[in-house]
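Consider the two complexes below, in which subunit A is the common component and subunit B and subunit C are the respective partners.
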Partner chain A sequence: MIPFDFDYYRPDSISEAVQIYETLAKQSKKVLFYSGGTEFITFSRINQLYADAVIDLKGIPECNTLEMQGEQIVIGAAVSLNKITESNLFPLLGQTIKKIADHTSRNKITIGGNLHSRLIYRESVLPLLVAEAEVRLAGSEGETTVQLEEIFNQQLSTSPGQFLVQIIVPKTYTDSPFASFKKTKMSKVGYPIVSIAAILKNKQIRAALSGVCEYPFRSVEIEAALNDSSLSIEEKIEKAVTLLPSQIIDDIQASSDYREFVLKNTLHETMEALGAAHG
Partner chain B sequence: MLDNPWMSVGKPEPRIDAVEKAAGTVRYTADYTAPGLLHAKLATSTKAHAKIKSIDVTEAWKIPGVRAIVTGKMFPFHIGPILADRPPLAFEKVRYFGEPLAIVVADHEYQAKQAAGLIKVEYEPLPVVNSVREAFQSNAPLIHENSGQYIKIISNVYPVQGTNIGSHIKIRKGDIITAWENCDYKVKETYSFNLSDHVALEPRCTLVEINPAGKVVVHSTTQSPFTIKKVLNQFFNIEVGNIIVHVPLIGGAFGGKGTVQLEPLAYLASKAVGGKMVKLEYDREEDLITAPGHIGLEATIALGTNKSGKLLAAQYTYLIDSGAYTDQAAGITRAMALDCTGPYDIANVWCDSYCMYTNHPYATSFRGYAHPELTFAVERTMDQLAKRLNFDPVELRKINAIKPGNSSPTRTMLNANNIGDVVQCIDRAKELIGWDENSLRKKTTDGKVRTKGISTFWKTSTTATNAQSGAILKFEADGSVNLNCAAIELGQGTKTILAQMVAERLKMDINKVHVTMEVNTQTDPHQWRTVASSTTFLAGRAVMNAADDAISQLKRTAATALQCSMEDLEVGGGRVYLKSSPEYGVKIEDIALGYKYPNGHAVEGQVVGHGRYIQRHLTPMDKDTGFGKPGPWWSVGTQAVEVEWDPKDCTYTILKAVTVLDGGKIINPMTAVQQMRGGMYLGLSFASQEAFLFDSHGTVLNPQLRTYQIMRFGEQPADYIVDFIQTPAADGPYGARGIGEYGVIGMAGALANALSRAAEVELNHLPLIPERIWKTRKEMQK
Partner chain C sequence: MITNGTSKTVVKLHVNGETRDVMIRSADTLLQTLREQLGLTAAKRACQNGDCGACTVLVNGEPTHSCLSLSIESVDQHITTIEGFNNSFIQQEFVDKWAIQCGFCTPGFILNCYALANKHPNADDATIEEWMQSNLCRCTGYQEIKEAVKSVLQKHAGGSVS
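== the complex of A and B ==
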């Protein structure tokens, strides 16, 4: 049970959502955009989240898009993870997000919500980073479309009142060979201690990781190491692990030593799956 | 004699609650509501060990709808099922993270929750006792300063004042010192695991009101309605007759609903609002750590054999992590001692079983009551001993299997009726898992390793020595019969089993037996509790007794109607008829409410059978030696698992799990198989991944299901194989012993044995997550 009262708004259009936000912000209310609601409910009920008002984005048509538009795949922020997987429009994305939570939760969890998750994993971002996706944002300043990597630094940084409308993935990336692995403490439903999404593009590996450091990331340095043809596969992996953007996490899911061990294994597995192990 | 066409015992009858459950129409305790119902929420401790300097409720009172705030000052006394050591609401100090500190009562649940979050507690931190080993040190900080003064509710609990020992149970059998000297082979190993939880699907919930006439009406998710009456009487001074407890169907319990925690809290809450009905429903997080969970353990076992593998001497030290209060852990401490050896015949036994206080959430009964825990340690030791002896682990177990003519650690003599057949169970399990000494460790073509592990186990149930059950059979005008019995249906199928026994005894269609699913202590006969795998035995005997009573009443009325003597009559097929001329008889529907003569005169009245059963010849254990007979019989069994382990990353899959149980006659093979599967699942989940994790302050790091891992659907073994050896128990109903808890008991041992063989290291600590296996291997390589 959520132990506080809050106002609920369900706008039908982007402009209405923007307007509601502005009105509420002027009243100094704490406002949250949401769509699936899984995190809002689960964190609110244990007093780790509070809002005076929530704006439900599920009623906005653009947020529910899921289709190929010319050379692009367009995914609305309010589309559930299961719908994306079932559509098979972007298999790497579909496979990666299929490993988040459990099936019942994925009926509710949306891609926009996962990208904004308060948990550190946000695994939906991994395929989007390697596929150089763009994101369409809306806010009081109007609408803008930017490269995801420009605004994704550890987490998705949007300005107050701005919300994610759509994700746009160039179709060319969806044909590349790909690999996606998630390793957990024990159950496949657990949080990742290593999660990886990778593609092979022009014989070069592109890879993004979650669960290893405090945030998901794609690292050109690590990719360079993995693509360095002068190194053996073991050397590539050893080098890649030295290039992590920050310390390996040590928590109740796994110690940092074990994570490092699993990371190396997973990198090996990824290279093999991409046929790049011996290249 | 003709076969009974209405035979029901031994048949896979469908569960009588299946339709309602499948339709989703069953109403559980939390579904219950009433006009004017108030809601309670707890404020709980954020420290594991601290003095309470002050509790400030000012801000909490500002929340609209708040009707009362209760703190420990309202009831500064200790309660408990075995040793009264626990204040329902902490006062003076807190002893675990999550301990109830205050109750807020409000019009709506969210208001109570909001207010509870605003209660400010000022603590003075105390040093935290974070493990049983720390607790056992002579200079350890004391969690209970005056444990020697606590009231003992039952005998066989021995707190040691000035220590963290909540109880100490001893077994002294034979001459351990001499025997140990004479052993040719010896092993000594230590095992451990942390506290964990039951994680029943249905979180605990209770509703309590005190009506203006002084009656206390309780609705609860409990396995022990009559214990609630006892507790409210003993500690709150309410007359037993003025307490009525209602229990609907329960959504899983696993021992966690056997003890009494919520009801006294809700009683205090109701009292604070003038007796209005108050509902206290735990959130999952409270159900995990505020409510009592499953014990932790550190065990050290030393086994010694002669050259031919015969066990000569054994020593056991069990340090049970009972958390902040003893609750049922004090009884588990006793159970762990009395069955300390596992199902092996050992002449010289020395056991010290300690119930240790720590600053962890407290523990209560968990399905198996000491046996899954001791069996893990015993069965790991047996495998390591077999390795030392270079014996097949199965052979070592068979050589030492306990049998009629041997005596238990408490020196109860075993005979063909009070113990099942251990060797037969081992042989059958060996067959079902495909045990072949030469192929216990096989490599697969993709570089993985397949291994098998086995575990043998036994259990007797330490019920109260006067544990009992009663049953009432009331006949309807249509000749059908209603069964009232206070056995709780918690998913185990007990009501179906009892209906089968009624149908069998009355030679009646089971569809004509209506079992009252809910329990009401005012209308149902007394029943000890629905725990300890004892219900088929106790309630079964009571039901048979009631059926016999009903039969004699039916015959009496029929004798009048048929103008013959009772001795000439037989009951069956919905009729009472002449044995010699079965075509001559009377329908039960014509005599169920008495017999009416053609002239209108009537005799006898409704047939109401009643029956009862009470444990016979049980005794407590001697304080110094353990001598005694605390349980009526031992069901025994063998379990095995096959795993596929990946040496690359230490992950594994459980391919197969086998249970062979000798539980006497199986009343319902279908529900019995399901019960074993459920038990195996629970045991494997506990063994593979469940445990509370604590930081250095005793804070639980995984107090929610996001982080407390349980085995998920789809991760159970692909193959669950169950079989029964049915050595009848002469005094059991139709030869049945208990089977309820047994599916869980051997799983941890079997899994750890299989994985130890796979990883080629001794895995003596749970849970068996891949990281632990990896770490154990890494340490070995150093």
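== the complex of A and C ==
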């Protein structure tokens, strides 16, 4: 059981959510925004997370949007991973998040929750980084729309009281050839040793990785190496691996040496998958 | 707007076609409430971490880990537990195929299979595997469970399972 009590609010609008947060913050309460709630329940149960109040965003219509609007795909923060995959609006995103947790869990896990995950993997961010997605945020200062990469540095950084409303993906990226691979230690359901999401845009590979370092990332330096036409495919991969933004993880899932070996193979697989279009 | 304070509150849950009053804390999981307040003990308390699927129930027809849902979230939703089935065809298929063994995981498997058959009556092997990976059987009776699931799908392809 969750060993502490908290207030639960499920507002019907963005303004109501903002107002509730402000009221609770003035009372010095620790407030968390909630959508799927799987991590909140899991970590609270083992005393690794605490809140005086949670604000459930599932009642806000904008947080449940999942549709094409003109030349953009708009995805609400409270939309479940399975609904996104089933919609097939952004196939690379659908395929990447289909590998997170298990099918039943994905009925509950939302994309907003995964982007804010306390775990280091946050794989739903990978396709969004390569597709130059924007995010719509709301808070006491009003609403704002910014490039995801502006506020995603290792993890999603929002101001206190600010919450993710929607993710906006330009349609031009959702139609691009793509590759998505996830390598786990053993079973199909598990944390990644290497997870990659890549697209081919204007004959250039754009790729983001998770599971390799302590945080998910997209690196223009690595992309430049992978797109360097003066190098062989092996040389591209060798160079790319020297450009990782931090040390390779060494843990019970995989040693750093093995992880590097899997990374090289996965990069090769990705290049092959995109190769036909690339050539 | 739905709100619930830190004190225990009476709310209505729609479970197995009935509306039931339950007294909950905001922090109570749906699994706790089903088992401890409504006596619906088929949803099993096992990993409590969303890993094993033994607590699976249907929420608006979708398989859901009741250990990873708050009871207060489930207000206004339609919850189905295996107690809502009454000697159904799908239960009999699991018996006939010996997909039961100790029985601990069986309600979760049956509810997941039921949702799968209704949503994807012509599910291919990859879809079956994807869905059923959500449930673990410590007796490792997977072959029999797979046969039961396939039998359910074959006998009711294109129709509603009930």
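What we mean here is this: the second predicted complex is superposed on the first by the 275 of 279 C-alpha atoms of A that agree within 3 Å, B and C clash if a C-alpha of one lies under 4 Å from a C-alpha of the other, contacts with A are read in each partner's own complex, and residues count from 1 in each chain.
Here is the rule we use: a contact is a pair of C-beta atoms (placed from the backbone, for glycine too) under 8 Å apart; a residue touches a chain by one contact, two chains touch by 3 or more.
Values in this document were obtained by computation on a predicted structure and should not be read as measured data.
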item: Superposition-derived comparison: subunit B or subunit C, residues of subunit A touched; value: C
item: Touching partner for A:D56 - first (subunit B), second (subunit C), both, neither; value: second
item: Subunit B versus subunit C as contact partner of A:F6, first or second or both or neither; value: second
item: Subunit B versus subunit C as contact partner of A:T242, first or second or both or neither; value: neither
item: Touching partner for A:S28 - first (subunit B), second (subunit C), both, neither; value: neither
item: Touched partner set for A:N202, first subunit B, second subunit C, both or neither; value: neither
item: Partner chain(s) touched by A:S230 [first = subunit B, second = subunit C, both, neither]; value: neither
item: First (subunit B), second (subunit C), both or neither touched by A:I252; value: first
item: Overlapping contact positions on subunit A, where the subunit C interface meets the subunit B interface; value: 1-2, 4-5, 42, 45, 102, 188-189
item: Footprint of subunit B on subunit A - complex, ascending; value: 1-5, 42, 45-47, 102, 183, 185-190, 252, 254-255, 258, 261-262, 265
item: In the complex with subunit A, residue positions of subunit C that touch it; value: 1-6, 25-29, 32, 48-50, 53, 56, 59, 62-65, 67-70, 72-73, 112, 130-131, 133-135
item: Subunit B residues within the subunit A interface of the complex; value: 109-110, 113-114, 117, 283, 285, 648-649, 688-689, 693, 701-702, 704, 706-707, 709-712, 715, 767, 769-771, 774-775
item: Residue ranges of subunit A touching subunit C (in the complex, touch as defined); value: 1-2, 4-12, 16, 37-38, 41-42, 44-45, 54, 56, 58-59, 82, 98, 101-105, 107-108, 188-189
